[in-house]
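Two complexes come next, and they have one chain in common, subunit A, joined by subunit B in the first and subunit C in the second.
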Partner chain A sequence: MSVVALEQVEKNFGATRIVRGLSLVAEAGEFLVMVGPSGCGKTTTLRMIAGLEAPTAGTIHIGGRDVTALPPKDRDVAMVFQSYALYPHLSVFDNMAFGLTLRGAPKQEIARRVSEAARILELDALLTRRPKELSGGQRQRVAIGRAIVRDPKVFLFDEPLSNLDASLRGQMRAEIAGLHRRLGATMVYVTHDQVEAMMLATRIAVLEGGELRQVGPPQELYHRPKNRFVAGFIGSPPMNFVTGVVGARGGAPVLETRGAALALPDAARALAAGARLTVGIRPHDVRVDGSAIGSTVGFGGEASIVEPMGWESYVHVKTEVGTVIVRIEGATPARPGDRLGLVLPPTALHLFDDAGHALAHPVAQPPPVEGAGG
Partner chain B sequence: MASGRTRAARLALCGSLLLLGALQVAHGEDRARPLVLWHSYRGAEEAALLQTLATLAAREPSLTVEVIAVPNEALASKLTTAIPRGHGPDLFLFAHERIGGWARAGLLASLDAQVDAAALADYLPETIPPLRFEGRLYGLPLAVKSAALFYNRALVPTPPATTDELFALVAPLRARGVVPLVYESANFYFHAAWHLGFGAELLAPDGSFHFESPASVAALGFVADLQARGVVPEEVSGALVASLFNDGKAALAISGPWFTGELARGLDFGVAPLPLVSATGRAASPLLTDEAVLIPGTVRDLAAAVRVARWLTGPEAAITRAVVGRQVVAARAAWDDPRVAGDPVLAGFRAQLATATPMDNRPEMRTVWEPAQLALKKVLRGAASPAEGARAGARRHASIVRPDPPPVSPTLYIAALAVALLAGAGFVAWRVVAALRERGAWREARRGWGWIGPAMAATAILILFPFVVGLTLAFFSHREGNWSFVGLGNFADILSARGYGLLEPLSFYYALLVTLLWTVLNLALHVGIGLALALLLARPVLALRPVYRVLLVIPWAVPNYITALLWKTMFHKQQGAINGLLGALGFGEVGWFSSFPAAFFANLCTNAWLGFPFMMVVALGALQSIPKDLYEAADVDGATAWAKFRHITLPLLRPAMIPAVLLGLVWTFNQFNVVYLVSGGEPDNGTDILISEAYRWAFARQEQYGYAAAYAALIFVLLLGWSIFSARLARRVEEAS
Partner chain C sequence: MRRVAKPTIAARSAALWSATWPHLVLGVASAAVLYPLLWILKMALSPSQAFDPTPNPIPTAFTLDNFATVIGTDAPGGGWLFGRQLANSLIVSGATACIGLALATTAAYAFSRFRFPGRQSALTAFMVTQIFPGVVMTIPLYILLDAIGLLDSLAGLVLVYSTTSIPFATWMLKGYFDTIPKELEEAALMDGASRFGLFWRVVLPLSRPALAVTGLFSFMTAWNEFILAATFLGHPRSYTLPVVLQRYVGEYGTDWGYFAAGAILTSSVVMALFFVLQKHLVGGLTAGGVKG
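Presenting the complex of A and B:
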């Protein structure tokens, strides 16, 4: 259990700046998930923590010790690679025992720790097999086992589930969450999948283009995204955005867009008329209700795409203010071509200024859940 | 199928071409067949020969001669095999020394009825006796070849007439930095002049060679003295003779008429007979070779062949051959021509004729070379006194001429072979029947045969057939054209090391030990160097990687015999780059080919140079296929550089390296070129490996083909055993990884 602290870390490959001024702390025992689109520098950051890549500038501390210049073996971290990186010529047992053997641990101790890890990961029956005789999920478990056996200060995971099929991914996700609960170790986990991030993280760090956009508990990121990028990245299906300028109808603030007007919450009264503004609304906050069509909260439109998900569906509706995705409960509520009336309640709107910074969040929202630090 | 159709078309084309060829041959037989002449002349000699034949064609249109040039090394064996089968020429040009063996085997026509004493008087008298064997005449002389003394007039105005005068030249010439004399002192062809000059016999009347006669020992002592007292340098090769004499760094050279062609233009030199041996008062007597026109016993029109031979050896053709081909011609009348008589070089060689000794034309002569040279080299490199050297020569001679295994009746062997063939045929038939019982199998099988048939035929012709012939030869004994069935006698001789000690050169076991040592050390070097370089080249930080990679593959790309010859030159005791380097570093000269460790080391260096690129390329490929993240995982796991090499690099290289090593092992085991060309088996055949020993038995020791074939069969058995074992090993490794 150790704190991992990055301070003003930069990484350039040649002239390309990959990571820019990244300051980030993973508290002791925390499950920190770094999430962001592909190529945003997540793996690079993780490799810098592991010591496989040297930062161009900035410092990295693990457990209070400056490890910026230390080689990987002196950092006491374990890393689970996206490719698993199992030693193909060694058995499952030897793969897991490798690190301990190199450190000269006694044979009995090695056997004890490997069999314990194997028990946790249900690998007992596979200990004599070679990696090529294992399925993808089993390989993944061996790679995790190799990390567990070492009992390191910090676990680093680089998209460990990306090579697995969906059902296995769900299962492994649960196992990793269980593992974190059981071991209580500091874990830094990289993924491009925000669902995975939401489910596993105690805190999520969202990266874009090598820069940190926001870090905080999943609920906070979901309900109070600091900027338009985070708002759009967290949540599935993504938040709907409508961009326009601030105006007024009957003394109430509205967003004027494409000749239509969308009612804004009271928080928008402070905004100057004519300022450019983006509002966001999550699909489940949109209501299907034709009664208000023609007002500044109700819009009619035609369903273009319907994504049935079983007990709910996501319907893309083309309205005067643009395409809006709405979540509708029930088996088959709509078909493409159907006309629907939507209500976009002002109280459910997130407001973002022209630069994408959040101005206001919905008023009626549950208080943040436990541990909303950051 | 398009490809099938083109193949069929191609086959048809080949077939019709063959047929056409056969028709043409048949057609040709009908017309008056020209006389066919085989020779191995090249350059000016060939030009002169063709010129004389053109003149003949103009004079006598009825006598058409078709000339076929055969490479010198191949001519003898081609004649030996073609003449008995009736495919031989009508005449051929060859040195007289094979006359005895060929006449005894009935390959030559005797010319006594065709050529009378008056005709023989047309030739220089010294040139006739070598052409006789057991009283009968077998050829007509074209020209003679013998060694003589070349002298640089600028350095020695008059050549030494005696060996004492020769020794007297040392001090003044050495003072000017000039070597008094160069010649290939370790070559018995040249040594024979001293041998005879000391009064020793070439071959006793009974065909034996007396290595240990006092005169023979004295001649060995004399050449040791020549070297010790600075008259001749050490380890002189033919190339060195030419370069030292041309550069004016040697005052005298002993060589033959061919040497004139190697001399620099404008060099002021003369040719004189070799000096008298002061110790005996006899002239040093070089070996005399008659180049002669010989006629196979199978000739169709002997009279016509003799007419051509008389023309070729006659005065008119002889003048052309002397003037154009620079030959020391045998036709007496040619010497009346001022262009011939006035040529100082030709005159010098003709003067030498008076004291030269014809090479004995009996087959026994050919057993003398290797042992005589063994003795000579031992003495010259200081490894033995003249008497000890002579004894070693006699011993080696006894080994080579040891009697054949006794002939045995082939009945038992034929019966065994018949049983084996029947069993084999039965087995194949049983398998075929079993396989064909399945429905539709016959049609399938026919299509299958269509596909593999051409490859099978090629394999059978190119590999299986020679293999069976070679294996059959191993059951026969062959010397000088005579075959006898000896059953397993050759194998018994080889495996019981008959004729020599169990662990001395020439013994199978000795050669096997050397071969194993050779193979193991080479592979260790190949893999070690190859792997080390691959590890260096695989580092991505290395600048100019592609350049190094290409440079390092070059030793592999150059034909290995060229490399071997280059290294041989580099290891030369006095002129080689390696001793030059050692000298610059303050070390003394090393005689690279005078002790086993040094000669073995020289071979090893050469072959290591040749062999490491292959291992390097294999290792490099394997290294680059090891995923980088394994090393990163190990880094995180706490591995040091050594631990990563030991636990990741090595185990993951193994699957690629093991097949390469198994293959390299077979190549190295049979690496004939390096051993033959670099050390040449020196010293005393000590560094010969099995395959080069086999070669010597076949081609350097009385053509003991059967014995050599048995050697080859044993090598085959060893390698077969090894490949079965290694295939298992490879499979185990594959399973394990």
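Presenting the complex of A and C:
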């Protein structure tokens, strides 16, 4: 178990700045997941930790040692690639043994560690096969096995599940979570799938445009996003946003937008009238209730899209304040074109200033749970 | 009934024709390729040394005397001359293939994976050398070999053949290395391999088809080369087989029987080599390594 620490790391490819002043720490034994949209620099950051890319500026420490200028082989880290990257000419056993063979480990030791990893990953029966004789899930397990046998200080995962189909992805996700519990090793994991991040991570680092937007436990990012980007990126379906200016109705603060007024929580009283403001509300905090239509919390609208998931449904409703996605428990009789009344409770609103920084979060949220997932 | 039967017959003949015509074309092409070979075989098996002007390629007589004479040629001072000349050809071609491959694989890997000043111009220069026919270089090479004392020596011939085969081999291998996924090399780096280690343990084993093709090509080029060998080699004991074959073509007459038998013996080595390497001349070795 080792701490991975990045300090003011920069990476430029020519004139393009891929990673900008990134400072990030993965604590010993932590499962740190880096998420962000394509091109946010998360894979480049992982490759810099691996030693496959050299940072333009900044330092990287692994286990207290400055590894910035060291080649990959001297960093004692293992990496699982998105494309598996198995050696096609070697058997599963030889693929897993490759790193130990290079390090001159005794044959008995290699055999013991490969069979131990094969047992954990249920690859015992496949050890003599070549990669082309394996399914996608089996190949990815071999790639993980290749990392395990080396018993490295740090495991790096570069979108390891994105080539698998949905059901296999769920299974492998559980296996990786189990592996982290079993090995207790430091793991840094890159994905663009925020659901995967929420389920696996001890902490999540959200990157955008090469910069760190927020890092914290999944529940903290979900309930107390520091900015509008994180609020919109974490959570599926995404948070609803309504932008307008601060006003007042009957002495209470409201958000004025498109001629409508949306009641704001008490926290908004401190805001100057006329200031631009964005409010956000999670789909599960919106209620379907037609009784409040015409007030500053209730809005009517027409359902445009209905997404039945079985255990819940998402309905996209075009209201006076914009399109709002609402989560409904179980099945819904609503069909596209139906009129629905929605309630947007002020206590469930997140407030963001014009620059996207969070000003206030819902007051009634449960406290963030440390160490969720992973 | 008649209305149904007619199109059926037409459809059947169309199907028969579409199945037959490729075979007809292939049959004609095969005959065109095999005809001269059969004709050479006929002359090699014939007891006469005369040129056979008849168009029939099927052997009318059968004797192995021509083969026995060619193989059994002894040197004037004693010793098995043909054996020596066969060994010369094997040594020259084998060494050319080995030296050419050893230098071309490392060069091709560098061209494929590294970006360095002069890379593009070097690649272009390699290409440009292929434009000139080898015969253009005969006199300069003769002078060079003479200057370094390698005229009439197998080492000199190996040096010339290797250097002329490297540009083509480098281009060919670079093309293959370009197709090997970089992730495989990165995985090897993560596993603790050095640059040379991953080249040796990952890239080369995956390049077997390309190495086999390139090696075979270098070997065949050296094996069949005549003009430079005939120019640089002055003594029958240092001749390679193509030069030996030419000796049967005399000023006043040609020993066609010996010539044909020698041609078959010479080409049989390359054919044998081709059959041995055949299983390596397949693609798809990287299948299963990476997704996609």
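One rule holds in what follows: the second predicted complex is superposed on the first by the 370 of 374 C-alpha atoms of A that agree within 3 Å, B and C clash if a C-alpha of one lies under 4 Å from a C-alpha of the other, contacts with A are read in each partner's own complex, and residues count from 1 in each chain.
Methods note: contacts are C-beta pairs under 8 Å (C-beta built on N, C-alpha and C of every residue); 3 or more make two chains touch, one makes a residue touch a chain.
Only a predicted model underlies this, so the values are computations on that prediction, with no experimental measurement involved.
Aligning the shared subunit A places subunit B and subunit C in steric conflict.
Between subunit B and subunit C, C touches the greater number of residues of subunit A. With both structures placed on the common chain, the touch criterion links A:R335 to neither subunit B nor subunit C.
Contact with both subunit B and subunit C is seen for A:L102 once the two complexes are overlaid on the shared chain. Legend: residue contacts after superposition of the two complexes on their common chain; A:F81 is shown touching both subunit B and subunit C.
Touch criterion met: A:R139 reaches subunit C, while subunit B stays clear of it. With both structures placed on the common chain, the touch criterion links A:R181 to neither subunit B nor subunit C.
With the contact threshold set out at the top, residues 50-52, 71-73, 77-79, 81, 83, 85-89, 98-99, 102-103, 146, 150 of subunit A are in contact with subunit B in one structure and with subunit C in the other. For subunit C in complex with subunit A, the touching residues are 181, 183-184, 186-194, 197, 201-202, 205-206, 285-292. Considering their complex, residues 627, 629-630, 632-640, 643, 647-648, 651-652, 736-737 of subunit B touch subunit A. The touching residues of subunit A, counted against subunit B in their complex, run 50-52, 71-73, 77-79, 81, 83, 85-89, 98-99, 102-103, 146, 150. Against subunit C, in their complex, subunit A makes its touches with residues 50-52, 71-73, 77-79, 81-89, 98-99, 102-103, 130-134, 136, 139, 146, 150, 163.
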